[in-house]
Amino acid sequence: MSSESITSFTPVFASIVSLLAVLPIALLGKKPNLREGATFVAAFIKFGLVLSMLPAILAGKTIEYTIWEIVPNLEIAFRVDGLGMLFGLVASSLWIVTSLYSIGYMRGLKEHSQTRFFSFFAVSLSATIGVAFAANLFTLYLFYEMLSLATYPLVTHHQDKEARIGGRTYLTYLLSTSIGFVLPAMIFVYVKTGSSMDFSSDGFLNGHIGATEALILLLLFTFGFAKSGLMPFHSWLPGAMVAPTPVSALLHAVAVVKVGVFCILRVYTGVFGTDFLQSLDLGVVVAWIAAFTIVVSSLIALSQDNLKRRLAFSTVGQLSYIILGAALLSDRAVTGSMTHIAMHAVGKITLFMCAGAVFVATGKKYISQMDGLGKKMPITFAAFSIGALSVIGLPPAGGLISKFYLVTGAMDAGQSALLVIFLISTILNAAYLLPIGYRAFFPKDPKLAAEPFSWKNTQEASWQCITPLSVTAVLAVILFIKPQLLLQLAGLMVGGNG
Amino acid sequence: MSAVSDFPDWGDPNSPANSYRLSQHYVTETIHETSVPNMVTAVLADYRGYDTMFETVVIFTAGIAIIGILRRFGNDDKDAAKPTLYTKKPDLIIDTTCRLMIPIIQLFALYVIAHGHHSPGGGFQGGVIFGASFILLAVSRDLQAAQKWVPEKRILNLAGIGVLIYAGFGLGSLLLGQNFLDYAILHKIMPATPIEARSHSMLGVEIGVAFTVTAIMFSIYSNLASNGSMKEGL
Amino acid sequence: MEIFEAISAKFNFWIYIIIMMIGLYAMIAKNNLIKKLIGMSIFQTAIILFYVSIGVKDGASIPILYHDQVHPEHHDESHGDHSAHSPSTDGHDSHAAEDRYLPELVVDGNDFANPLPHVLMLTAIVVGVSTLGVGLAVTQKVYREYGSIEESEILEMIKSGK
Amino acid sequence: MIEQAPALILLVPFFVSIFVALLGNRFQGICFPLSVLSLIGSVAASVTTLGRVINEGTIRYRLGGWEPPMGIEFRIDALNALVAVAVSGVGLLAAIYSKRAVLAETPDKVSQYYTLFLLLITGLLGMVITGDAFNLYVLLEVSALTSYALIAMGPKRATLAAYKYVIIGTIGASFYLLGVGYLYIKTGSLNMFDIHEQLIARDIFDSPAILVAFIVITVGVWIKMAFFPLHAWLPNSYAYAPTTSSAILGPLMTKVMIYVMIRLTFTVFGSDFAFIQLDWSDIIVWMSVVAILAGSISALAQTDLRKMLSFLIIAEVGYMVGGVWLADDMGLVGSIYHIIADAFMTLCVFLFAGIIFVKTGKRDITALDGLFTKMPLTMVGLLVGAFSLIGIPPTAGFFSKWYLIQGGVASGHWEYVIALLISSLINAVLFFRIIEIAYFGVKPAEGHGHHDSDTHESGPNEASFSMLFPLLATAAALLVIGLYNQDIVAIISSFVSQFNFGVIGI
Amino acid sequence: MIWQFDLIILVFLVITALISLSVKDLLSAAMIFGVYSFLMCLLWAGMAAVDVAFTEAAVGAGVSAVFLIATVLRTSRRSSD
């Protein structure tokens, strides 16, 4: 990997631009149009900034900036590399889409406290990008915690009893794991190495700790980043589905959960180093935990009737793919898991936005009520089907690419048994996702089936809702056709030790 | 009960600390450095003058604290606990005796304060005795009678002024460019050599202590005896 | 006889411990608030007794000097021993040896009791009486609020929800 | 005047306290501005001193011009200077807060209140900067007497609590005095540094009297700081005192006692004696583990806001005692840093509790009903304080935990690390309970409520500026202390590095 | 100092301390506490600590006892123990 690095303020600015946007958003609270204008401006600036760094990253460079040495030897520092870039691109681009969507959703439902909503939304994005561009474990942790707290008001937006319980579960899981597991693990690493905990492409723990300690640390980190939804610390995710759908869409399909897996990926590659883990044969342990999660969550998803909850469990399962890929430690598996971050993000956000659009337009939450809705909301359900295909890993959607890499990666790693898992889970995925779209268009009830389709009868949600989900659906297809950019970025990370 | 009961065999208490240079110095050098024959007074008011200043402050604090805790302004006497042994009958013998005794006590108190350099005593002891004379007055007559002499406002002023006198000596030396409470420098504004200045300052300081102690002792008594109302004593 | 000697040599200290234990016991175990304060005073005087006992020297006088207590024959060594500890000389020339008050007077350290513990204990007594005063004031206020100075009764009242 | 700055640290509030006592009855209005001005002066003096200490090393200030050990001296090194800044700073903020609260709670005793308040600060600052063991006792009593009074000025329940505090506080102080007596009998000196030199010169570390002195002093100081089995006096005292009093006592009293413990353990007895010869660190760390857990769990059981916070103080005391006795550099650094951080974060939450009490008249946490809409700025202040107590970056509390845990890991005291983490989690539960109530209201509406508008009845109803300002300033201070922790730690480590523990972390 | 006297006073000290803590009448307790202080003062005078003795005579035997009595009269004279 190229050691060349550029010092630039851009990553910092990319992170804090949305934080700065909070001020105008809060001040313009009385004028919704201007307020959301501010959100958009911030979103586009952010995306532009992230994009502006892309060429340099693709050229094999890294961009660094150190803000502050806060504890001896330990700074708050930013560094953009392939993996960070990939995640940053996904998050910032989807923010634009989601902003549009949330405007439609929030106005459609006339939600209260919209100013607060948009403010914390922006803060969350800051934290997400901060995680993506963090240069060391400490900075990562800082933004990780910030994200947990900033999303709490979003999750509990309704301020009713259900939200209270969901929010309580949410924080209990996230805070207790991060304070209880990650913090001591991090301090242990710090004490053992005495170093700055900068991520490096081949890890920095090698040689500092023994096998037992490494195992304990690995488990602490893996479970500590509970945002990744690995069982048994997954139950916050369905609980958090009480949030308004844009929140679920962006944060729980994209930002929050992806931050969790991103952190785990970072720790595996940047802290332990794949070679070190391989030499200790530790990946297998995590791989099997992930495999277990995949199967179990898929089974649970199958039994859910609430659409958002089903999607939530699906997310739990899909996230474990990513962890599994990382735990397999073969180059292709890691590449697969990195690309899967993007593929799944695009696919799942489509699904969530569809669920939200259905709720806005019809007020329906349960799958059993959606029979025949496809005729009323054709665009929504078309998008939904594409998203489903992507998540399952069928053409013509992007999910296939990443799953392909994961499967071949598993073979590289010699874990043929896991192939069975992939097979089973794919079937299960199909089983819980495909029927929804199918029955929406081809309802069982003959009366509904007999209804003729006509554009005039459609009852789509507002354009602010429909546009974003169409965009992401199209994006899912594009990613299938042209995944090169993602693969290139992922390759940058893996190439170093390949 | 507590840690003290678990004292290990208490080893060697008989080796006194008296041989250390610290106490030797106090004993042998006091006269040279301060010209005060009573070593206790010298150590109290000069070597460890800072301690003593805060000792005065402790008294002062106690006075203010008791006012803060107990004092009731206004007329809400309803829940005041009546003294259980309360008689109003004046007694000729007691009255006369006290009338005779009080001036003598006060005179003695002044002597104790002023002569603290040469004999046992000093501001604190003198102050207590002086305060006791007022207490005696309050006990033998009633609180009102004593209050005529030293009403509450005046008590507080006296106490504050006492502390200020002490601290003023310290501040004086600080303003003259030396460390806080370094009396020797006061010779610049006193008709004395530096060493005598120490002695004189000590006297001044003792007077300050006496003011405070007198005032506060009586203040504590009158608050305690009247349950904070300052109206009727015992 | 040896044991007796040992005890009599230290009995001050033994008795101070006894008194201290009495005081401590009263502070913790007594039920009456005023009794507790009496215990507190006893406890403090015990400590004062301990300090004063430190300062005792066999055959030493009270630590007050009279001008006839001069021992010119000791002048040299005594003077030489201690001049090093005279007050800091930086900044005050006035403290130089020739300016000493009554330079011909030399005091033998063993003739006088140690004044330092006495000074400390003056302070401690003052602190003791202040604490007693404050304690009594608080007691009166407790009585004003609860109408009792028995701890158990007051706790009863609090429990019964007043 | 720079030469005199060390003395001015406490002389300014001291003089002003007397003026307040003299003039306050007649001109009630001047109490507040005088107090604030004097504390500003004190802060300035202590900051100046800190600057000098950093540049020049230890400052020795001889009172009365006498050479120690004859006279009393201030001996200010990095540790005291830092603690003095924290104490005077906390005092200043609490004083500003007092303006309205005093008028609300003890309206007829304003001048007494301010006098006692300033004397308390004087006593605490004196304890911090003095270099004389007996002088420390005197100042301990000054601060103790004032705090008895400040507590007893409160309503009904406070008086009994104050009485208990009088008794237990006196036992603690007397134990300390006794220990000093033992030291004096063996060394003949009262100056802390001189005692240490004498201990070495006479080589009497083996003497049982020194051992007893150590035990007695430590137990005395533990009583004063409410270390767990000896904490009985604290919760009721702080919970029922006037809010202004608990706002100043809660943050400072225990912290200063911890400073005293560190000072005595390291400067007087020396780390060799305390850690190598006695080798009790395991036991004491376990005790602190128990203290942390007991404090946190008791806090969970409380519904009274200030009582809950009082139990948290007990847990925090456990942190610091444990941190010191980890016998590790980072542990000690963490403890000292935590003294400062905890002073401010306790102040923050107690100010919050005070504001709530003054505004609503309720002590219960139900008083917080829907507070986010009613008093948003106050809640911001609380959030920072709460995050700090939980240990969320970048607040000060996170970094103190960071150092403490680092010390625990490095010295292999895993039980301590685990206790810290559990306590953080309990703090999280506690404060999110508060935040939930403030955010959702006591009884949240069933189902999807609150559509169409911001349905909370009344608009913002903030506390007055003089209450809000200190709260927000404290919150800001917490962030600053957190962000600049490295500079603070650098100062601390210049103190810590004198003691050679096995591990050098910095 | 004559240690026999010393011993006698010390023994009396212990006795008065015990009595003042055990009598049920608080007024008597206060008075006996005064006696205790006075004995203490004697003891210190014997130990050449005149200043301390003087102070104790004024404070312990005098003012403290008066304070105690004042409080006893203002509250309750009976004690349960």
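Just so it is clear, A, B, C, D and E label the chains in written order, and each chain counts residues from 1 on its own.
Here is the rule we use: contacts are C-beta pairs under 8 Å (C-beta built on N, C-alpha and C of every residue); 3 or more make two chains touch, one makes a residue touch a chain.
Keep in mind that this is a model prediction, so the values were computed, not measured.
S.K.: Imagine subunit D is simply missing while all the others stay put: what groups of chains do you get?
M.R.: Leave subunit D aside; others group as A | B, C, E.
S.K.: What is the set of chains touching both subunit A and subunit B?
M.R.: D
S.K.: Which chain is most central here if centres come from C-alpha coordinates alone?
M.R.: So the chain sitting closest to the middle is D.
S.K.: Which chain pair shares more contacting C-beta pairs: C-D, or B-E?
M.R.: Of C-D and B-E, it is C-D that has more C-beta pairs in contact.
S.K.: Determine the centre-to-centre distance between subunit A and subunit E, using the mean Cα coordinates as centres, and give it in whole Å.
M.R.: Distance between chain centres: 79 Å.
S.K.: Which whole number of Å gives the spacing of the CA centres of subunit B and subunit C?
M.R.: Between these chains, centre-to-centre, one finds 16 Å.
S.K.: Return the distance between the CA-based centres of subunit A and subunit D, expressed in whole Å.
M.R.: The computed centroid separation for subunit A versus subunit D comes out at 43 Å.
S.K.: How big is the gap, in whole Å, between where the Cα atoms of subunit B centre and where those of subunit D centre?
M.R.: Roughly 32 Å, centre to centre.
S.K.: Going by the contact rule already set, what residues in subunit A reach two or more other chains?
M.R.: Where subunit A is concerned, no single residue meets two or more other chains.
S.K.: Hunt down the residues of subunit D that sit against at least two other chains at once, touch-wise.
M.R.: In subunit D, 62, 65-66, 70-71, 134, 138, 141, 145, 148-149, 152, 162, 171, 184-185, 190 touch at least two other chains.
S.K.: Which residues of subunit B are in contact with two or more other chains?
M.R.: 2, 4, 7, 10, 13, 16-18, 21-23, 25-26, 38, 40, 48, 51, 55, 58, 61-62, 65-66, 69, 81, 120, 124, 178, 184-185, 220, 224, 227
S.K.: Dump the list of chain pairs that touch, please.
M.R.: So, checking each combination of chains, I get A-D, B-C, B-D, B-E, C-D, C-E as the touching pairs.
S.K.: Would you tell me which residues of subunit C are touching subunit B in their complex?
M.R.: Going by the criterion above, the answer is residues 9-10, 13, 17, 20-21, 24-25, 28, 54-57, 62-67, 78, 82, 85-87, 91-92, 94-95, 99-103, 105-109, 111-112, 114-116, 118-120, 122-123, 126-127, 129-131, 133-134, 136-138, 140-141, 143-144.
S.K.: Inside the complex, what are the residues of subunit D that reach subunit C?
M.R.: 62, 65-67, 70-71, 134, 137-138, 141, 144-145, 148-149, 152, 156-157, 159-160, 162-163, 166-167, 170-171, 174, 177-178, 181, 184-185, 190
S.K.: For the complex, which residues does subunit D have touching subunit A?
M.R.: Touch residues, subunit D against subunit A: 387, 390-394, 399, 401-402, 405-406, 409-410, 417, 421, 424-425, 428-429, 432, 436, 439-441, 444-455, 483, 485-486, 489, 505-506.
S.K.: For subunit E, which residues are in contact with subunit C within the complex?
M.R.: So the residues of subunit E touching subunit C come out as 1, 3, 6-7, 10-11, 13-14, 17-18, 20-21, 26, 29-30, 33, 36-37, 40, 43-44, 47-52, 55-56, 59-60, 63-64, 67-68, 70-72, 74-76, 79-81.
S.K.: Can you check the complex and tell me which residues of subunit B touch subunit E?
M.R.: It is residues 38, 40-41, 81, 83-86, 120-122, 124-125, 128-129, 131-132, 135, 139, 217, 220-221, 224-225, 227, 234 of subunit B that touch subunit E.
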